[in-house]
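One structure is given below, represented as structure tokens, and several questions about it will come after.
Think of it as A, B, C, D and E in the order they're written, each chain with its own count starting at 1.
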Amino acid sequence: MGLALFNTFILLLLVVAALLALRVKDLLTASVVFAVYSFLMCLLWAEMGAVDVAFTEATVGAGISTVVLIATIFNLKRKSSD
Amino acid sequence: MKLLSYIPVLVVGVLLLYAAKDFPEWGSPDAPASKSPVSSHFIANTGVDTEVPNMVTAVLADYRGFDTMFETVVVFIAGMAVLAILKNSGRKKLVKREFEVDAEPDLIVTNTVRLLVPVIQIFAFYVLAHGHVSPGGGFQGGVLMGASFILVALSWDLETALIRFPLNWTTILGGLGIFLYAGIGLLSMFLGGEFLDYSELANIFPVSREMARYHAMLGVEIGVGLTVTAIMFSLYANLSTEGRLQRGL
Amino acid sequence: MENSIAWIFIFPLFGSVACAILGISNRKICYPIAVLSMAGSLWAGIETLRQVLSVNDHTVSYLFGGWTLDAYPRGVGIEFHADILGILITLVVLGVGLLVSLYSKLPVEEETPGKEPLFYTLFLLQVTGLAGICLTGDAFNLYVLIEVAALTGYGLIAIGSNRAAAATFNYLILGTIGASLYLLGVGYIYIKTGTLNMVGIHDIIVAEGLADSATMQVAFVLVGVGILIKMAFFPFHAWLPNAYSNAPTTTSCLLAPVVTKVMIYVMIRMVLSVFGVEFSFESTLWTDVLPWLVVVAIVCAAVMALAQREIKRMLSYLIVAEVGYMVGGVWIYNYYGLIGSIFHVISDACMTLCLFLGAGLILRKAKTTHFDGLRGLFTKMPLTMTGFFIGGFSIIGLPPTCGFFSKWYLITGGMVSQRWEYMIVLMFSTMVMVVLFFRMIERIHLAVSESGENLGHGHGDLGLTDQQTRFDEGPLSMLIPLLLASAVVLVVGIYNQEVVSLIEVFLSDFNLPRGEGIK
Amino acid sequence: MSTPEVTVIQDIRPLIAFVAPLLGVIGIVWAGEKRKNLRETFTFLVASIQATVVLSMVPLLLSGTIVEFHVWQMFTHVPLLLRVDGFGLLFACVASLLWIATTVYSIGYMRGLHEHAQTRFYAFFAISLSATIGVAFSANLLTIYFFYEMLSVSTFPLVTHMQDKEARTGGRTYLGYLLFTSLCILLPALSWCYVWLDGGNVAMDFLADTGKVGSFSETTQIILLILFTFGFAKAGIMPLHSWLPGAMVAPTPVSALLHAVAVVKVGVFCVVRVYSDIFGTEVLQQLDGEDWMIGIACATILISSLIALSQDNLKRRLAFSTIGQLGYVILGATLATQQGIGGSVLHIAMHACGKITLFFCAGAIFVATGKKYVSELRGLGRKMPVTMGAFMIGSLSVIGLPPLGGFVSKWYLALGALDRGATWVVFVLLISSLLNVFYLLPVAVTAFFRNPADDSEPEIKEAPMACVIPLSITAIGCFVLFFIAGPLVSMVGLTD
Amino acid sequence: MFEDGTIINELLIERLNYFIYVVLLLIGLHAMIAKKNLIKKLIGMSIFQTAIILFYVSIGVKEGSTIPVYLPEHDPHGSHSVPSDTNETSHFDHGPVILDSSLVKGYANPLPHVLMLTAIVVGVATLGLALALCQRIYQGYGTIEEDELLAKMESREIRSKTLSVQIPKDQKLPKKDELKKEKSRSVSKSKTLSASKPKPKGKK
């Protein structure tokens, strides 16, 4: 029963993270929340048995894309209009 | 305009939910995907065919090796395209970014990083080499290695990282990675099999056909690791400085 | 030799890697590498065509990694499934690639100075991706190859100016939505059938009668919409005109003729080989909805093409209209319509290539592709204009060119299936194309300004300096590919019987209605 | 149409007749502006080669053998086939012979007016003629369509030769009508026949006995008839005729040969071919909607003659008269009797000779005096006796008086009408001949019998010799045609 | 539309995964279409792609199965120590053996995992390329809001009116790419796609 509860909790947290990442105005915060979203996704997959995918998502998805996103934001404006 | 954008979203949503009705039971072993001859072959025969304990790596590098080759090509394309887009296109004078602070690389950070980087790189090699047994493999190892160089670029500045890993080298290493991967496939083709048929390598290496696949997979993973390392670092280097490749973040 | 099908993509793949690595030290070496690898790839393609024709059931299936069909179940390894349709489109792609690589020497050096190695790397990988799409027999591998072709496409377009980057961003967003919808569709297929191999999917759909299951219907819609987006079908075509008109010359010459046509090939492959004729035409209501969408598509694209004042933008809207032709040809669900659609894929690639090569030459010599700057080009660059207008007449559909024969089969298909709305819209768009091209001939030939008053003082004086009307043809390295392309347009037209009989052999094993005669 | 004992032989000559002008074009372009005379000799050489090749086939035809040549397999069942039979050869002879005359004439005309871009002019002229010969020798519907389109496109640069505002409007109407009708009306009709004629996929050959429209239902036949009649817009049938006056912006040799002989006759020739060979006379007669077509033809004749009366510009007047004369040919075809169709084909030849003389005279007057309008021609007869004399002969032939060719064809048309039992058609023929008199003779009358308005005009002398010789030859030709009507009639297969 | 049990029971309890992935997909799709900021669009794109990956992975889930890596007893490389309950270790020395169907149920389905490795990497590659495009747009137009960008493109379109690439005659290629960065950038910057009227002006 614990796993199903954990599963549901992670899924709800995921949706919240996704909405927050798109709602928040400051791009830097958005990319950090997006990193959180990726890590949650990685947790979910690890729990569902897809270990390789979780590892890749953690390194490639959360790691590199967040670094690259922040690197780009540093070169553009930080404030987003919507 | 806002409301207008909800229409396609709702249409797609209704479409997907309509399909959900007909999905097989979640996680049931007799769902078509799970009991199909293809995946049951993978689970049953990977040990016999390729002697690789980690089925995912076996399927990734051998059964569907062609997919992975093109995946490496996609990574290589991303690197080349970013280079192509940002090369000599930046602004003339380096405008000061509003949140930039000119600080010397911090003492504590540089020392910890000096200790940390070798550990990361060893772990990266471990992940790459141990991909057959534990989760891991070319991509994850390559990214970790690339991350170690990015760590150096973050803590000191991009110049020091570029001294250790000049940009031209990223293209060369990226190309060599694909060359290695496709080269192994070509070699097995010259030895009489189809493209990427590693078991043919047994003709030249003193191993059985399955072990030839085992070792060839390692070679392929190294190729993937090379390309991913090079391209991840070049991606960071280009994007952080709009192709002007000086101080970086 | 036996695995010539693999050589088709090995040559450009290794060529691109060589370009990337050797290009760092010596920029000039990339052009010969590109041309040689394209030539090798075309030669391997012809070898494969000979193999396909020699095999009695006209298909060559090539399994990567040695997982032959007799020892292992079908979906285990990835399979290249080259039948007549696939290899024909591959040869078109490789032919266009070779011609454009020959053409690309000067425009690349001038429009993107210093970036030749990067350009040729992306160029060769684009052709690899497209050739792979035409040959692959695995649904997921098709997604990866679509992404290869898409990413190289974005890179090749954005290599140019800032405007191109803005257009490419739009293209990227729409392209990713399309590819991801296709991926989702494959996921829905996989969850119901359990295999990714196209032939395997077809067998399971037929065996288990999945036609009425909700998931498969939605999978069909997702895959269909995804491909329609990638193909720039009318409601989703916003990215094409900006992308192709702002792109560097060589990129638009490569992308315009082949990318949308390969996507139409994918649609035909999905409809005929993967989902099967009964599933896609009878049990879904696409055959009633789509022809009307096609009518709207062609009319709007033609009208918008009329409004353009610049050659490349006009040609881009023409491409959107031609996509409407081909989609209509498939979805009127008729034997002649399908022959017309497939033959139109081949002939439209040749025509569009001819036009864009011509536009590139005009841009180079007349410094502009805007209609105001075209006056006097007939005397200035006669060979380029003949090549350009052979393509133009082929799009209108005048007899010796291939455009006439493909339009002929489309009209016959429309008539036999009694789709009068498709027929009428074909007629309307033909007239629009007549107006488009002869308006251009007027602009070039007559000494009359747009508002209608005489410019020169009679007797053929075009009101231009002698320097503008002196014989000043484009460089040979660009002119010869154009003339070759226009020759191909004529040759494909004259020898259309060989191509059409090949297509008929391909279509013989799908039972398509031939339409009852109106007595 | 096919004479009983027909032996068909394969021969390269029809192809030579078609290809010769195309090769000539290469010579013309190579010679170019710098070597004018060489260029002119090339044109003349090619024209004479074509004429000799065509004439060399006449004895063959008279002895009953039909020459064929298979060029290229265009569709699975329909080849691009060249065949020389009665109709085709008569039209080809007329076109190629008159081309020689026009070449000489255009040398005089173009040099007289110092026209620009003559190389382009001669090149496209040669291409148009090869397309005309192609139409004359085509053996099935799709071959005729192939050359019909080629002709439309290759004459466009000639119509817009002046490259000014009028040329633009003329070119637009010219191409608008021709390409619209051929792509949007003719193409569907062709594909309809291709798919379903006699169960579909039949060669739609003109002389073949299978593949006739009889197998269709009543309404389909009527629809097809309308599509074909109005599809060939070059025939200038009334509602779709206004491209012909529009094309008068072209230099006179163009309007002389093309818009009096080649282009318009191609249209009419195709309509006659379709009526006689695809529909067949028996099918047409008992098709009830068919006499509407006769009505349209008569309306074309009468209305165009009335408009011609009101035209002051000489070339526009001749243009409307051409539309009227074409109406005669269409009338002959719609009468659907052996006599009628024979008469219509004869009229093609007779009218060609007459009308080209009139256009040559109009051009000569323009070269010599720069006058375009009939009202300005007062008293010109004394100054340009030969030209105005030829004009008189030409107009008499067009009107159809006995010693000239025009009479023969009108005679057979009247016989055809009586065969069909449509006596009111004969009255239409008479009235229209009268109208011809009213709009052609006044020109000659003002030229000869009115004294010039004022003597202050500069000294007008005869047109250059290069213009006068051809127009006198064609005038004599009208006479000759009357006397050699016998072999022509047998060529058309009317030997009853 | 569901036969057994209420919709909520069917959707939210047993197949929560499939419902959540649809929600995430819609959030991503909406962001891509409606968000004006280019970076937000890209984040939406990534969410869209990860949602699809979530769907694929939840296809491969099997109740009560372990991760798709062979347990020690099925390990193809045979002899390695297995700590059995008694303190002494017993060595299993056996070559690779084909598992029968009952054992197959013990392992998760590896195929979706492989596909998703590829999808993730493709997603990152697209993201990297898109970010490079954003930088290029920012350099060219100074904004990453879509409405401002469109406005600026229209205004430039009208001003330049004709679309022709002005190929500067004096374009000298930078000798060594890296070192001559300053000079070549100034030349190519002026080469952007603004063009003069084609009618020959004094400047030509």
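The rule is short, and it goes like this: contacts are C-beta pairs under 8 Å (C-beta built on N, C-alpha and C of every residue); 3 or more make two chains touch, one makes a residue touch a chain.
Here the structure is a predicted model, which means the values were calculated and not measured.
Colleague: Go through the assembly and pull out the chains touching subunit A as well as subunit B.
Modeller: E
Colleague: Moving step by step between touching chains, how few steps can get you from subunit C to subunit D?
Modeller: Minimal hop count between subunit C and subunit D: 1.
Colleague: Which number of steps is the smallest that gets you from subunit D over to subunit E via touching chains?
Modeller: Shortest path length, in steps: 2.
Colleague: Report the inter-chain centroid distance for subunit C and subunit E in whole angstrom, where each centroid is the mean of the CA atoms.
Modeller: About 26 Å, centre to centre.
Colleague: Please tell me the distance, in whole Å, between the geometric centres of subunit A and subunit D computed from their C-alpha atoms.
Modeller: Each chain's C-alpha centroid was found; their separation is 79 Å.
Colleague: What whole-Å value do you get for the distance between subunit A and subunit C if each is reduced to the mean of its CA atoms?
Modeller: Centre-to-centre distance between subunit A and subunit C: 38 Å.
Colleague: Measure off the straight-line distance from the CA centroid of subunit A to the CA centroid of subunit E, and report it in whole Å.
Modeller: Roughly 13 Å, centre to centre.
Colleague: Pull out every residue in subunit D that's touching 2 or more other chains.
Modeller: none
Colleague: What residues in subunit E touch two or more of the other chains?
Modeller: Each of 17, 25, 29, 58-62, 65, 67-69, 111-113, 115, 117-118, 121-122, 124-126, 128-129, 131-136, 139, 174, 177, 184, 188 in subunit E touches at least two other chains.
Colleague: Do you know which subunit B residues sit against two or more other chains?
Modeller: Within subunit B, residues 16, 18, 21, 23, 31, 33-34, 38-39, 42, 54, 56, 60, 64, 67, 71, 74, 77-78, 81, 85, 87-89, 135, 139, 235, 239, 242 contact more than one other chain.
Colleague: Applying that definition of touch, give me each pair of chains that meets it.
Modeller: Pairs satisfying the touch definition: A-B, A-E, B-C, B-E, C-D, C-E.
Colleague: Any idea which subunit E residues touch subunit B in the complex?
Modeller: 1-2, 11, 14-15, 17-19, 22, 25-26, 29-30, 33-34, 58-63, 65, 67-70, 74-77, 96-101, 103-105, 107, 109-115, 117-118, 121-122, 124-126, 128-129, 131-133, 135-136, 139, 174, 177-178, 181-182, 184-186, 188-189
Colleague: If you look only at subunit C, which of its residues touch subunit D in the complex?
Modeller: For subunit C paired with subunit D, touching residues are 336, 393, 396-400, 407-408, 411-412, 415-416, 423, 427, 430-431, 434, 438, 441-442, 445-448, 452-454, 456, 458-462, 494, 496-497, 500-501, 515, 517-519.
Colleague: Contact residues on subunit B for subunit C in the complex?
Modeller: 15-16, 18-19, 21-24, 31-39, 41-42, 62-67, 70-71, 73-74, 76-78, 80-81, 83-85, 87-89, 168, 171-172, 174-176, 178-179, 182, 185-186, 188-189, 193-200
Colleague: Quick check on the complex: what are the subunit B residues that touch subunit E?
Modeller: Per the stated touch rule, the residues are 1-2, 5-6, 8-9, 12-13, 16-18, 20-21, 23, 25-29, 31, 33-34, 38-40, 42-48, 51-56, 58-60, 64, 67-68, 71, 74-75, 77-78, 81-82, 85-92, 133-135, 139, 167, 210, 235, 238-239, 242, 244-245.
Colleague: Give the list of subunit E residues in touch with subunit A in this complex.
Modeller: The contact residues of subunit E facing subunit A are 16-17, 20, 23-24, 27-28, 31, 35-37, 39-40, 42-44, 46-47, 50, 53-54, 57-58, 60-62, 65-69, 108, 112-113, 116-117, 120-121, 123-124, 127-128, 131, 134-135, 138, 143-145.
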